[in-house]
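The letters A, B, C, D, E and F name the chains in turn, as written, and every chain counts its residues from 1.
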């Protein structure tokens, strides 16, 4: 991964095992367009199976924004799915079919963050508006800098988001009255409110501090058995959505292969001898 | 809606788009009897489809209580479902059949708050005991005044509530140890505790302040696309209860019609031109 | 229950209606071995149907730890499920079959805490590491002393826990970013953090204070209708995992028998006359 | 029920305990219009709670048809939900909202057959087309006369039925390839095919014979404990849709009240003494 | 297993790998009492983990009946759960609690047939009434002799079965109208009807023939990889109750261990070389 | 689509609207290898969104077999997922990870048949063994020629299929005892048995007749509104897996866009005037 091959992302491996994914449209405050979210999927699908990566940090380029959300210029352009049509898609059912294809693809691109087998730590700063909330809600851990401004903006362009935030937010934070408040009003909330409600797990003074904190966590994760870390992520996402009984049954079925790994005796020996273990690539 | 037509509720439209529903049995501290909950359903079912309403504020009349819950006088009266029978309902299966009919109706009346397509902001003050907790847990947003006393009281009359709170509370707040604590002990908790645990989203000094805050939020909501706001409410309630994958699939199916609305270009034009948009009735 | 009949637990009834279960391997910091978790199930299965018990307090013996989790000596011993085999279980499918039997049993032992029909208040102090977190997450209420150190340790022996914590934690606390953080890093967290995130409901200065608080709550619970209290526990655990609609339907079906109890008129009479009610054994 | 009070139905009680519901628009071959399905719900909701009824027979008046389905004249009339609008419902989202209200109501009317607590035996003859299939699929038992012609017609008016048949048919018969065949082609199938595929349970030579068979079964049902019969219906509908484990758990919760009925000793005594039991009204 | 150790069952191993379980109360036509179903669980739990068994045949002793169902003498005896109480269980909630414990145990005993990891072939003859239908519906394969009489009898003692048949029958056969017919009327049906509706897979002239057919199938099963056969059983029971997507996800998680077995190359080599493979015990 | 671009498939459009997909490895009896199932996905994904296609016929080239299933030569080759490894995949957890990636891909390729928005009619002849059953179970309609031999073969290579048949078969046919029989024994079954059990919907004398029948059905489907036909397919697959209530709710949400189509008035006018309608591309 010596060279960056993406247009809208900068993907680097600044330390062994740790990939850093940056949304890279800084002049447009990392505003989101279709080409960007399609590329997002490519980025995360590749990291998901890259054995040299054990943790991913996901942030936004530039000083002003993680991302301001969907690019309003694109949204209001002729041909955007949000603009009525006078062509063959004027029939509501045919327009619906087009919207469905388009929507499934957008959903899958965002879900590629959640499905990435490696833990994804999202670092937020500046503006994190609209679709940016959909993006970061699909990450595993969210941390932010002091001045971050969040908002679930879609309601202000006349739509209810169907690309992630409204499916995930009730499961990502505890207070449902707060969830309804911020998603129906579309109002801004700041880093402290995000922390108090459990949307982010820590607030650092600056973007630089937040990135440093993320790298510290990523380093910790990359020193552990990748089998164990990736399985924890998968078990939580599976169980979050299901009964405790179904969660337990699936976990055990899955673990009967995974637990036979040599990483277990390696980890135990290291723990007993208080040495740092080394794990094979996964 | 120039005149109030209800017995146990006062329903007004103090501002365009905003309905105010008050439980109105102040001399009995808004204690709840069957006639009241049947009327509650009528109130919310009508508001749900009234195109001139875009937000609902739900509070209790008088200074002393949102509601003290089920009217104990009624509960302990001959003929109440809680009192053993010596008639044709003495057979446990036949009494069960009667209880089932009665219970389904009571559940549906409370669920009419959740099913109301318009956002419902519940303003609590004074006492909010027993069935009052079942009522407010079905609202979208809960705010309260400083002195509000809450409790999930049913356990003290020998029953486990089956009308809402025990089905909704695990999904309304984050801390399950707290949920078990307050529902099994039936102990009081105050406004600050309710805020800390995420059961209410804000605490204001007085009932008047809380109402003012609610009206402010209702005003914000009523200026937005009613299509968008009502869809957000529905998407969250649908997704709260299901897997993320099922939430996403349903939202997209639903949105293929909704997103074709003219409200989207109206909203986008307003956003771009920084003017206040006007939306058609829904 | 005049005499303790268990090897790894001390079970006493220090007050009418209240059982106190202590993990009792203090010299090994209550480290967990198979004989212990099998006995755990026997303890809770018996308490579940013992009509003289209405609340259970669950804690660890000694001053240093609730429990340090799985006994590492046992884990790394020849014949442990975590150590590769060279015998007839060397075939991965046959080893998987053995792991499955073993895992289901372990899961069921821990789930016996959740299935115990009586409320279980878990009091934590000192270390509560690894499998100790799986244990306490299955209790109804968690309180702890100031110095308690928690951690979800399994990741450090190369495995993702499949015995409870990863199935329950997303439903026990509100902040999913925090859940991912502590389970993937395996880092320690202290009593204050546990309280802030809602994993415990109160923090007391010492183990003794925490036990006193637990007994106070247990006393409150034991004075209420056991029918009501046990049904509340069951309704919450059922509904936590299901849609609100399914929760309501099940609760009503269940309640049609339960609500016919004589405890209801007894409780109502007591409430009206402001006397302490007495309830039959259940 | 001495006099028929309905416009589109004839409801009689030709024998004790047995209600006969006939769709009664014979001049239009019992074609279905909104007033008819709204009345259908009233009919079945009343029978559901009428203690003097223990079984319901549901058939179509006249010799030519159970029903030819939705009245095409109404479908193609100005103002029907199937005809594009040029008024305030021209906005796709607002038209969708109207369609939703209308559709939920239509669904609920048909589901009132399934929700009716009494067993519903549907007798089919002549034509049973389109929405007629939606109606009869919601009944418990379907029997028909030799010459009955069935078809799932909706596809021929350009829509996929959303009022019942496509949700129920995969659970009502065994062969999914046959389900896809008849619902996608909209082709006719006759009584013998309906029998072979398990859609009806018996085929009688004439409508008169089929009615006689239905009355025979209804008589059998009405001699049994109404508690038992109605509970069997409910348990099957609940369990059809859920896991075996969930079915068993719900059934047991429900039965703890129902099984305490005096009908059990009455039935057992009758069985042992080989006499016909008499059961109280339910 | 040289000697039979059971009271109500005869368990033999007439051929390598094949266990034969016979209900053995022939003088009472294998009528079912609590001691019998408790022993049933012991029988199947042991066979489930006995590595020398690869298929189980389950039949009834004597010439007259597989089983006539619950022993009516026991049902109508003082102290049976079906007889009202005048002691401490007179309170409906306390009687419900007792019924629940008793019912869960009965359900689990019958489910031990389904949970038995080895395929269970049920051979029916003579009478198979009431609870006998609950028993055989939990087996994998049902075959019967020509003269077998089946019936879902519970409705005739005033109850809806909650021990299995009403949870399983909608998933065991295709025609829901037939399911409703036989469970609500409690009528007899014979071998040919059982075959036509798919409840049994073959009908043989005599019990002896049916047993011979069962042994033939059992022999076939025991020559295959026990890993493969047992996993097929588990996958089907898991998937029957869930979405196709959830079935696929679980199967793959489970198979990642199982498919690593040495049985695969052994089986493939045998298939290629057209020899009979030999598989290790499981 | 003038020229065939595939290696393992022949895809033609012999009539307007109808695509014919043939597995094209006739010299190997259409045996299945990884390159083939990857191409299968490409074929069906493209047909799914090709507006000039309204129905798909899926068959096997040559006279001898639809397909004999997985190519045994490939299965037993060094490097196949079924053969133990001595390289970096020797660790069971790492081999499991590779198997998982591989299996998810294989599952998705087969599911592309089910997800194809156009109806897929599978025509079977000769041998349809092992993975061929997984393929055809994902189609909508199955018809076959007289001499077709089916079998669910995987058990004979020591594995339980995880690529479709065991997740779909319990939902595709009615008799669960038959499902268990054929999947656990891996025995052959012929066209008549497949018809009797509902796995195929018709049996024709020869492959040619079966193809003719398929084209007849495809022609019928292609003359109907593509909106209606494709929505019927989707509604059935959605509802097959869910409760009736969830099926109804989803169908209505989905239909609020679809039903606004102009195809409805077009279809109604055609029906009323008894002319053949023409529908726009979808």
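By our rule, a residue touches a chain if its C-beta (ideal position, glycine included) is under 8 Å from a C-beta of that chain, and two chains touch if they have at least 3 such contacts.
If you want to know which protein each chain is, UniProt gives these names: A, B, C, D, E, F = Enoyl-CoA hydratase.
Please read all numbers here as calculations on a predicted model, not as lab measurements.
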| item | value |
| --- | --- |
| Same or different residue numbers at the chain D/chain E copy interface, by half rule | different |
| Which of B-C and B-F has more C-beta pairs touching across its chains | B-C |
| Angle of the C-alpha superposing rotation, chain D to chain F, to the nearest 5 degrees | 120 |
| Intercentroid distance (Cα basis), chain C paired with chain A, Å | 33 |
| Centroid spacing, where centroids are CA-atom means, of chain A and chain F in whole angstrom | 34 |
| Distance between the centres, which are taken as Cα means, of chain E and chain A, whole angstrom | 47 |
| Chain F: positions in contact with at least two other chains | 92, 95-97, 99, 171, 173-175, 197-198, 227, 240, 242, 245, 253-254, 256-263 |
| Sites on chain C touched by chain E in the complex | 49, 88, 91-97, 99, 101, 227, 257-263, 280-282 |
| Residue numbers on chain C that touch chain A, as the complex places them | 72, 75-76, 81-84, 92, 95-97, 99-100, 103-104, 107, 111, 114, 154-164, 166-171, 173-181, 183-187, 197-198, 240-242 |
| Of all residues in chain E, those that touch chain F in their complex | 119, 140-143, 171-175, 197-201, 217, 220-221, 224-225, 227-229, 231-236, 239-240, 242-245, 247-248, 251-269, 271-272, 279 |
| Contact set on chain B toward chain F in their complex | 250, 253-254, 256-258, 260 |
